Structures are given as C-alpha cells and as structure tokens.
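Each structure below is given as structure tokens.
In the two complexes that follow, chain A is the common piece, with chain B as its partner first and chain C second.
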Partner chain A sequence: MLAAGICMILLVVLFGALGPIFVDTDKAQPLATTPRQEPSWEHPFGTDDAGRDLLAVMIVGVPLTMRIGLLAGTVGMSLGVFLGFTSGYMGGKIDTAIRGTVDTLLTVPGLVVLVSIASTIREEISVNIMALVVASLAWMWPTRTIRSQVLTMRERAYVQMAKLNGMNNREIIWKELFPNLLPYLAANFTNAVNWAILSSVGLEALGLGPQNDPTLGMTIYWAITFSALIRGMWWWWAIPIFFIALIFVGLLLIAAGLDELANPKQRKAV
Partner chain B sequence: MSWNYTVKRVALFLIVVWAAASVNFFVPRLGTGRDPIREKLGQLAASGGLRQDGIEAMVKAYQVKFGLDKPLYVQYLNFLGDTFTLDLGYSLANYPARVGQMIGNAIPWTIGLMLVSVLIGFALGTLMGALSAWPSAPRFVRNMAVPLMTLSAIPPYLLGLIVLYILGLKLELFPLSGGYSPGRLAIASVDFYLDVLHHSVLPALAIVMQQVGFWALGMRGMMVTTSGEDYITLAEANGLRNRTIFFRFGLRNAMLPQLTALGLSLANVVAGQVIVEVIFAYPGIGTVLFQAIQASDYTVINGVVLILIMSIGLVTMLMDFFYPLLDPRISHTRQN
Partner chain C sequence: MKRWLSCLAVGMLLGCGGGGVGGEHKDIPRNRTLIMDCSNLQDCGGQIKDYNTFNPYLLIGKSNTGWNFLYEPLYFYNAYDNKGENIIPWIATGHEYNADYTEVVITIREGVEWSDGQPWTVHDLVFTINMLRDNAPELAFSTDMEAWVKEAVAVDDLTAKITLNKANPRFVFSYFTHNFDNGIPIVPKHIWEGQDPNNFKNFDLAKGWPVVSGPYKIAISVPEQRVWDLRDDWWAQKVGFRDMPKVERIIYLTHMEETKRVQNLISNTMDTSLDIRPPNIRSILDSNPNVSTWSGRELPYGYLDWWPVCLGFNNLEPPFNDPEIRRAVNYAIDRDQLVAIGWQGAGTKSHLPLPDFPPMRKYTDQIQDLIEKYEIGVFDPAKSAAIMERKGYAKDAEGFWAKDGERIKIAIDIFDIFTDLAPVMAAQFKQVGFDASFRMTSDVFSRMAQGVARSFLMGNGGSVRDPYFTMRLYHSRFVQPTGTHAERFWRWSNPEYDALVDQMGQTAPDDPELQRLFREAMEIWLSELPSIPIVQWYHRIPHNETYWKNWPTAENPYINSAYWHNTWLLVLLGLEPAQG
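Let's look at the complex of A and B:
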C-alpha cells in the first residue's frame, strides 16, 4: 500500500518535473494556442477558452498545487510537533491551554474561516501566500494527534528508564520520543499535506486563489466560471480532477501504509 | 449530565461565537487600510462624470450614518451587540436586501440537502465499511475497500462535476442546476416538492458518494478490531446466527466511535458541501457565499461565515450533550 501510494505521488512529481523538457510551458499562458480544442495529437489534453494548452497548464499547475500542500503541510506540522510535544510532555496548565484551544478550533469549519481570510486579501494572493493562509489552520490536527501519542509514550518504561539515567527533558524528547514516533509523524505529515491541498483546492474553486497561476484548483474555477460543463468541454475539468484524485489517493495510501508501520496491530485494518 | 458541564459547554460555545465575530470585525480593518465608503463614492462619481467637490462631506456624512466616526471600541461593542442579536446588516451588492434575510432564504435548502445526504451516506457507509471487514461477508463486499477509499479521497464537489456530466448532461436524467425549475411558483404543492426532489438528486448523490467512502473507511478500521474480540468468538461458539452476531455484537460496538466522529467531522462536512452547491447552482448558503465572493460583498461573506460557525458550534454542542445517552461509558463528570 505504501509502495502504491509512493508510486502514485512519484508519478505526479515526475510529470511536473520532466514535463517542461517535452512540452513548451509558455503554452500555459492565455492566447498561446487556438481556444476550445478537443484533445488531439497536437494538444493531448485539449485547450481552454483562453487558448491555454491544458497539458502545459497541468505541467505548470500540478507542481504549484503540490508546493502549496508541502509548504502549508510543513509549517502546520512544525507548529503541530512543537505544540503537541510541549502539551503532551509538559502537561499541567500549558497542556490544558493548548488542548482547549485546539479542541475549540477544531469545531470551527476551517474552510469557512479561510474564506473569510482569503476574501480580505484576495488581490494579493500568490502561491506562497495561499500556502500561508492554509497553514494558519493546518496545525490543529497534528497538535491533537501528536499530543495524545506523546501522552502514552511518556509513561512507557524506556522513558522512565531514561529519566532515571539522568537525561533531561530535551534529551528525552529528541533521543527517545522523537525517533519512536517517526513513522507516526510521517503519517501525520502526509495527512497535513493532504488537508492543505484539499483546502487550497476548495478555496480556489470558490475563486479565492492566485488569479494568475494555473494551479489545479484555479483551473477548475475557470472551468466552472466559463460553464465548461454545459458546453461539453469535459477535458477542461476532468483532467484537473484526475490529477487531484491521483494526488489524494496517493497521499491517503501513503498515510495508511505509514500508519501500519506505526501500529502493527492495525496491520489488517485497511 | 452534570450541571457544571452544561454551563462550561455553553460558555465554550459563546466563546467560539465571540471569537468568530471578533475575527470578522478585526481582520478587514487590519489589512489594507481601504475605505469602502470612499471607494464606493469614488466609483459612483467617476461613472456619473460628476464633479468631485462634495465628496469629502459625503464621506463624513456616511461615516456618521454608519457609526464609523465613533472610536474603534464603540464600533466593536456595537458590532458584538448586533452579532448576538443576529443583526447582520445590509448586503453591499444587493443594497436593500438584508444579510439575515438572504441567509434565511437559503438555509432551508442547505439543511434539507445536507441532512438527508449525510444521513444516507453515514448509514450506507457504516454498513458497507462494517461488511467489508467482516470475515464471513461475501468476497465482492470485502473487495469494496479500495473503491470506497478512492471515493473518500475525492472532494464531493469534484464527484459532483462527474455525476453532473454523466447523469445530467449525457443521459439527461436529471436537471443540470438550480433547486427547482425556473418559472415555477415556489408554493407548497406535491408538484413543486417532486420538482425540488428531482433537482436535489444529483447534488445529494455527489455528497452521498463521498460520505459513503469516508464513513466506510473509519468503520472498517473499527470493525477489524471488533471482529477479533472475545465476545464475538463466544457468540460464534454459542451457535448464534451469523447475521445476529454481525448486527448485535459487531456493528453495534464498532459504531460508537463513528458517532463521535460524526460530531467532530461535521465542520468539514459542511465546508465541502458549500462548494457542491456552487457546482449545481443550488439555492443554498454555499451559492450565496459564492456570489458574495464574486461581488466582493463583504457583509454577506462575513454573515455567512458567522452563521456557519454558529450553527456548527450549536450542533456540536448538542451532540456532546447527547453522547452520554448513546454510550453510558462516556460521562462528562470526572471519575478518576
């Protein structure tokens, strides 16, 4: 499962990395080709209303969407690791405060809050700002899950042993807890990236994305705005959906595979 | 349920609403230093070709009218007061329309669509997930895990585009958009309700498909652990029928965490459906939000955001109150 997931993501990454060698990415700009062409040998994915070649758009857009996911996932995960370890390991008042905040924020519909932030700054949204906007809410699930994992780890015999051996807190966290949680953290990171891409595509589908960058979500937004569906231009929306599905299923498989590594008891589960 | 817990939980809900309202108030004022009144008047003056002499006086007059001449904390308190009395002000884009009224018209559509499709998705998904992990279920059911997982990974609005294309455009089985046929009078008659039902099939299908995948995945994990429990072995040894074991012992026990998850995931479920409405031009709150974003209608955007946060907060709170009734092991009083 892990292998299948990694293969899918690798495929997507290679598509973005090697694409520019074979295809002229200038064709992702408006007016570069004849508009409204069905898929053909010349334009394997067809062209849109503005005359963009969709193969070139995908080659530019897929890495942009992946970048938003990775950036936001990294920021969210770093915050989550910091807060989760602090909360789970220190306990006490800090724990109560962090846990309370996270539990409260998790009941708030994230995408809706992001809509409110993004619509305030919509003119200034670039790919990197998009990643930051999404990252602002990407730390809550990691914090929550890492905290509960650290909480059970803290009571294990080897941590008690390390304490008796005179290790200080920082050493215990880095030398004992962190390595043991690594597969778990990797699964969490995959989920954070998944969530970030999901949110960014959602925001973009509502038109709150980088207006001049052809990310996957923006491509879908333009397809919706120009009624590609009713006009029968299926390639305009079906192709970005295919890539989005590939990314999501790939990430889900990786997360499930890593989960198996982290808890062998669940090995039969998925 | 203890009195203490109830008070705490209600307080938490009020804090969420207050925080959401404060974000709504401060975020637009932090940013760009833009002045909507000046901008609007500037636009009007430019389009009318009028001289711009009186514009400063007009800006002043409007600021007094909207209370913007008062110090920030007074504006903030007024805003909070309005929020808690659900007075959301006027729409900027459709001026005489009030935000509360626009949302009020849209909400029954959203709730109707969401409630039915989430419940169907939850029920079907839970059952299929449980069967897919049950050792004596037919092989084809156990092989459902992979397609279900794929469905759960794709956002419902993208599934919506696909079903719309196949069932709506190609096979012409269902209407392509809207909540009811244009030109039809929105009066309570059997005809009208059938029309509404016909229009809601595709958006509901999109939501149900994704929900089935999502709940099946969670249920499968739970069922794998449950099917290995001693009480299942005992039931088998006692010679109970397979179906009885599945429903009475397996499903019932594996389902409790699903119900808890239903409350927690509600926030995400609603957010995904907002975009489904946009795809289908369904007259619910998602479409109101989308149109407001397109028209930069900030009062409507903020109103929708606030109402969504409030209603989800309210539902999660109610669910927290009901869990102890479903599962006696959950208790809101500390026992250790």
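Let's look at the complex of A and C:
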C-alpha cells in the first residue's frame, strides 16, 4: 500500500515539477488560447471558456493545490502535536481544557465553519491565505489522536524509567515519546494534508478560493459556474477531479501504509 | 399530466400550512399557469421571506413577487419602442406643468377601481405622496418626495395638483411612470390611512388584503411559493381599456441558482426565469426547441438593459486620480475580445455610460465625433505604453509597469455577475503590463461605497429617456472622502460639469437646449474619463413557448420581459396561450 501510494503521489509531483519544461505555463491564464476546445493533440486536456489550456492549468494547479494541503497540514499538524502532547502528557486541568475544546469543535461541521471564515475575508484570497483558512480547523483531529497515543505511552515502563533517571517533562516528550510516535505522526500528517486538500477544494468549488490562481478547486468552480456539465464540456470538470482523486487515493494509501508500520496489530490483520 | 402537475403544485401548497395560505382554490391547468422563480436571492433564497407581508415601501425584505406589477401606475414607459410611442398612459390621462416646472396638474381616467371595489381616485395618489413625504427617510421613495414635494392636493376626484419645492420637468416621469425598476407604487388610501406605514403588513387574506388595482389576487402565499390567481372584476376590462390577461395563475417559486433554473427551463417546469449567463442560455436553446429569447434563438439572446457597465475608479486616490493613467487603462481594453470571449459574442461593447435605447439615440448620435476624438473604445497598447512612459513608469523584470520599484496594480472588485468578464479583462491588462487581478468578496458593495475598492466593474443605472439621470450620477454632490459611505462610487468632481448637469436637470427633455448642455457635459466627461465604458448590459431571459407565446421580442418590443420590473403587467397582458 505504502509503495503504491508513494508511486501515485510521485507521479503527481513529477507532473507538476516536470510539466513546465514541456508546456508553457502562461497558457494557464485566460486568453492564452482558443476557448472551448475538446481534448486534441494540440490541447491534450482541452481548453475552457476563457481560453485557458487545461493541461497548463493542471501543471500549475496541481502543485498549488498540493501546496495548500502541505501548508495547512503542516500548520495543523504542528498545532496538533503541541496540543496533543501537552494535553496527553500533562493531564489535569490543561488536558480537560484542551480535550473539551477539541471535542466541542469537532461536533461543528467543518465545511460550514470554513465557509464562514473564508467568506469574511475582505481581501483577495491567495494560496497562502487559503492554506491558513483550512489550517484553522486542521489541528483538531491530530490533537485528539496524538493525545490518546500519549496517554497510553506515558504509562509505559521506559517513560517511568526516564522519570526516575531525572529527565524533565520536555526531555521525556522530545527524547522518549516523540521518536516512538514518528511513524504514527507521519500517518497523521498525511491524513491532515489529505483533509486539507479536500477542504480547500470544497471551499474553492463554492467560489471561496484564490480566484486568480488556477488551483484544482477553482477550476471546478469555473466549470460549475459556466455549466460545463450541462454543456457537455466533460474535460473541464473530469480532469481536475481525476487529479484530486489521484492525490486523495495516493495520500490515503500512504497513510494506511504508515499506519501499518506504526501499528503491528494492524499489520497482522492485513 | 398537465392538469396533474398544477394540482400537485397546489396540493403541496395546501399541505404546507403557514400563515399565508388562502381559502378555496380553483383548478387551473398548467397551460393557463405561468411559473417562474423569484428574482431576489436575498429575499427569496430558500424561502420567500415576505410571504406574509405586502408592504412595497420597506427598504429591505420585500421580494418583487406582486407589488411591482399590481399597483398600477399613472403611466408606463417603453424604452424599446422605436416608433416614438414610448409613453403609455395608464391610470393618468394626462398632466401639465406650469411654465417654470414647479407645479404639475395630473388628470386620471374614470372607472379605475381597487380590488375591493372602491374607486381609485387622485385622493389615493395624494395620500401616497404625503405619506411618503411625512415618513422620510424610513420608507422607500420617501426622501425623494420630501425633497421635491411642497404640497400635493386633490382638486377633485380625477384631478391632482402637486406643487414642487423647485423646478423639475421630470417629476411625473421619474416617480409615476413605471419603467424598469423605477416608479412609486400608489396604494389605496382607505386601507393605508391610519396605519403606521413603517410596520404595516398589508396582508390579511381573510379581509381581502392586499387590496391592489391589478388583475390578480393572492391565492396562496407560503414560504415555498406565492400564487396569484386572475380575478374577473378588473377595472380595465370593465371600462373597455384593456382585455383580461390570459394567464390565469402566476406561481413564484423561491429563488433558484442558475443551474437549477436551466434544468427547469429545459424540462418545461418553468416558463421564464431571471436572466442567465451566455453559455447557459445557449445550452437551454440547444436542449429545448420551445425556448426563445428577445432576440429569438440568435445572439445576443436577450435585450439591452438600462445598466451599461463601466470600469469605475475611486478618482480621489492614486494612481487613478490621474486622468492620463485612466486613459492608459482605456487603451489597454479590447472590448471586442471581452464580448467575444467573456460573453461568447452575446452582447455589445459600449463607448458611453448610456444605454443604446431608441429614444436615447437623438442625444448620443450627436456626440459620436467626441467619442472618436477621445478615442473611447480604441484598443492600442502602444498608446497605453506611451502614456505610462511619459508618466515615469518602466516595465520591471516581469514585464509590469512600475515606478520607484512599485508596480501599478489594478485589482478589480466585482459582483458575481461579472465573473465572465473580469478574468478576461484582468488577462488583457496583464498582457499590456498592468499587474491586474480581480476579487469577488462578500462586502464588495461596501468596498465600493467606502472607496476601498480602487477599481471596480459597475453598471450605470440612470437614463432611459434622456441623458440627465446618468450624467447626474457623476455629480460631485455624491463625492465623499475615502472611508466614508458614498451613494455613488466614482468620487469624481468637476465644477464645470456640475453646473452643466444642474442646468440639464432644469431643462425639459424635449427642449433643444438639452442637446447643447449634454454635449458640453459629455465632452468634459470623455476628456477626463472618470470611469471607462466597457459593455452594454443585457438581460438574457428565456421565454418558454411550450405554454405561452407572444413574448416581447425585438420585432414586437411591447416591453422588456423582466418579471421583477415594474412593467411586468404589460407582459402578462401580451402573453397568449400556446395550447388551445
């Protein structure tokens, strides 16, 4: 699973990295070419209503969408690691406060909150702002799951031994707990990136994304706005959806593979 | 099947309950029913929010699902008639101003009645004017009445005299001649007298309210739908003024997003809808041979609206406070390409902020030399570059104009209706070296009003008969400092222009002097270019002919077909059943 997932994501990364060598990325802008062209040798992915070449759009848009996912995932995961470790290891009132906050926020539908946040932004939404919007909710699941792992680990013998050896809390967290959780954190990070990408695509498809950038979600937004489905312009919506599916499945397989590595029980089950 | 559909609709409504449901309901077949969605997203999104009120003077929270065509006006105005028969007397038979336009005497026809059988007299007109004037500024139209009306009195039942605070040769046209979204609804004195108009719901089906003068009465009004049924005692038929409409039932559904509208029109579930963007109306025409438009099944799939679109600026703030920079931007716009790509050819470019209606041409034809002189509509990147270089700009490493290391940025604020034009325009600017982008935020209106938006796409809702109202939009009386709410967004001032526009306001449309004043004012406007004319605005409204024919068209332009406008009654009177 891990290998298959890595291959899929590598394919997507290479597409974005090597694409500009073969395709003029200026063609991702409106007026770059003849509008409304079906896929052909000249335009393998076709063109949209404004004259964007959709191959160029994908070459520019896939890395932009990945960037949103990675940025949001990194911010969300960092917060989640900090809060999860603090809550799980420290316990007491801090744990109650963090756990209560997370449990409460997790009951609120994420997309609704994100739509509210995104629609209150008064400036032009850039890719980085988009990532921060998504990151605002990307920390809760990591916090909860990391906390639960830390809760079990802090009772283990090697942690007790470290305490007896005089290590302080910070040293125990960073030198004892953190390394043991790395595969688990990696799986969590992959999930966080995946969630962030899907959330950003969802927001963008509603028009709440970086309107001047050809991300995958904004491409879907334009396809919806101009009724590509009804008009039979299948390439306009199908191609970005294909890339989203590829990224989603790839990241899912990586996360599942990492989970296997981190969790021997799961390995046996498979 | 058809009968079943209508029965189903009514049956569902009856099951819905709610405060507004009516009493007994006639069984009216689908081919005598007209179905459309409510045009206002804000007031009908998800549900018709004013389903249990009918107060046309509320500033917010009223949907155009009845009041706009059932309070009949003194006159209608048809901007599309090219034979000169633009004014259509309705309740009024005539009016006459005194020599200095400070007084007007209005006479109305005999036999006009409200839906409860009470006579419609000038007492209703006078009451409406005074009620609005006394309730300024809380009610819609009230500030206008306060500003203009000194006294309104009834001379007798059929004659009213209105004395104005200052000369206004357009008073009757501005307020009591319904056209597009314009016109004050006149309400029955015997219902509204003694009520607080700020809170009066005017809705009680048991009492027969709302009392209107038009030929329909509410059958059902629930959050999901508002249904009007034809009443057989309309005054206009009784006095032989007009035949009864053939449309026996009108159903307004809640507001729909465009994709849903397209599907409903293709499946003949709806007969017309809010205007639709070019690619989608083409899809409807391709999928449903029974659907047509004002221009038939040909481009531009609609009619010219009164809202020509300009690229506007906050003229107080750099860099757009410099007329030369504005002119450089003008040379960077390829309007033909905007229409061809952005609208897929379904529209026309514009060189003026005025709509190209037949009555307007006697004014606009005489300034074509000025348009050529100031090269409005000329796409010439070389001239744009020459201006920018003269102003001290040079292109940076990425090919964008910059001065002192700072790029000139054009961030165009837009409403969602401009999502087809704005990306194309931004790309055009980038191609000639302007660092351009567009943004569509939820607070776009207040951004423009506050002046935070430095450049924006906006229509000029002004003139439909003579150029005064559009010219007035650019009067410096609307200028407010950046950061302060302004009624008009351009923040441009020119004392000489103001003086000419003030004179235009005092000059009757048929006075030849108006031509001279307009030309002089327009020369100032075109030389300074406070906003750049881009395109004429179109309503691409589908006309489904499965059940109804004789919709207004370019060949038969008896009125425009926007059902949210105050002229919708004329369309209802024009429609003929397509089936039997």
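Assume the second predicted complex is superposed on the first by the 265 of 270 C-alpha atoms of A that agree within 3 Å, B and C clash if a C-alpha of one lies under 4 Å from a C-alpha of the other, contacts with A are read in each partner's own complex, and residues count from 1 in each chain.
Throughout what follows, contacts are C-beta pairs under 8 Å (C-beta built on N, C-alpha and C of every residue); 3 or more make two chains touch, one makes a residue touch a chain.
Values in this document were obtained by computation on a predicted structure and should not be read as measured data.
**Student:** Quick one: chain B and chain C on chain A, clash or fit?
**Tutor:** Aligned through their shared chain, the two binders clash on chain A.
**Student:** Taking the superposition on A as described, I'd like to know which of chain B and chain C A:Leu132 touches: first, second, both or neither.
**Tutor:** A:Leu132 contacts neither chain B nor chain C.
**Student:** Taking the superposition as given, does A:Ile241 touch the first partner, chain B, the second, chain C, both, or neither?
**Tutor:** Only chain B is touched by A:Ile241; chain C is not.
**Student:** In the superposed arrangement, which partner chain does A:Gly202 touch: chain B (first), chain C (second), both, or neither?
**Tutor:** first
**Student:** For A:Ile230, select first, second, both or neither according to whether it touches chain B, chain C, the two together, or no partner.
**Tutor:** Both partners.
**Student:** Once the structures are superposed on A, label A:Ile117 by its partner contacts, choosing first (chain B), second (chain C), both or neither.
**Tutor:** A:Ile117 sits against chain B, while chain C stays out of touch.
**Student:** Which partner does A:Thr107 reach: the first (chain B), the second (chain C), both, or neither?
**Tutor:** In the superposition, A:Thr107 touches chain B alone.
**Student:** Please work out whether A:Leu261 is in contact with chain B alone, chain C alone, both, or neither, and reply first, second, both or neither.
**Tutor:** In the superposition, A:Leu261 contacts neither chain B nor chain C.
**Student:** Which of the two, chain B or chain C, is in touch with more residues of chain A?
**Tutor:** After superposing on chain A, more of chain A is contacted by B.
**Student:** What is the contact status of A:Val249 with respect to chain B (first) and chain C (second): first, second, both, or neither?
**Tutor:** Touch partner of A:Val249: chain B, not chain C.
**Student:** After superposing on chain A, check 43-51, 493-501 or 565-573 and name the one in chain C that bumps into chain B.
**Tutor:** After superposing on chain A, the stretch of chain C hitting chain B is 43-51.
**Student:** After overlaying the two complexes on chain A, where does the chain B footprint on chain A coincide with the chain C footprint?
**Tutor:** On chain A, the residues that contact chain B in one structure and chain C in the other are 119-121, 207, 224, 230.
**Student:** Residue numbers of chain A touching chain C in their complex, please.
**Tutor:** Spelled out, the residues of chain A in touch with chain C are 29-32, 35, 49-51, 119-125, 207, 211-212, 224-227, 230-231.
**Student:** State the interface residues of chain C toward chain A in the complex, per the touch definition above.
**Tutor:** 258-259, 262-263, 277, 279-280, 282-283, 287, 337, 341-342, 344, 411, 416, 419-420, 423-424, 426-428, 430-431, 437-443, 447
**Student:** Using the touch definition up top, name the residues of chain B that touch chain A in the complex.
**Tutor:** Per the stated touch rule, the residues are 12, 15-16, 19-20, 23-24, 27-28, 31-32, 133, 145, 149-150, 152-155, 157-158, 161-162, 164-165, 169, 176, 217, 220-221, 224-225, 264, 267-268, 270-272, 274-275, 278-279, 289-290, 293-294, 296, 298, 301-302, 304-305, 308-309, 312-313, 316.
**Student:** Where on chain A is chain B touching in the complex?
**Tutor:** 104, 106-113, 115-117, 119-121, 198, 201-202, 205-208, 220, 224, 229-230, 232, 234, 237-238, 241, 244-245, 248-249, 251-253, 256, 266, 268-270
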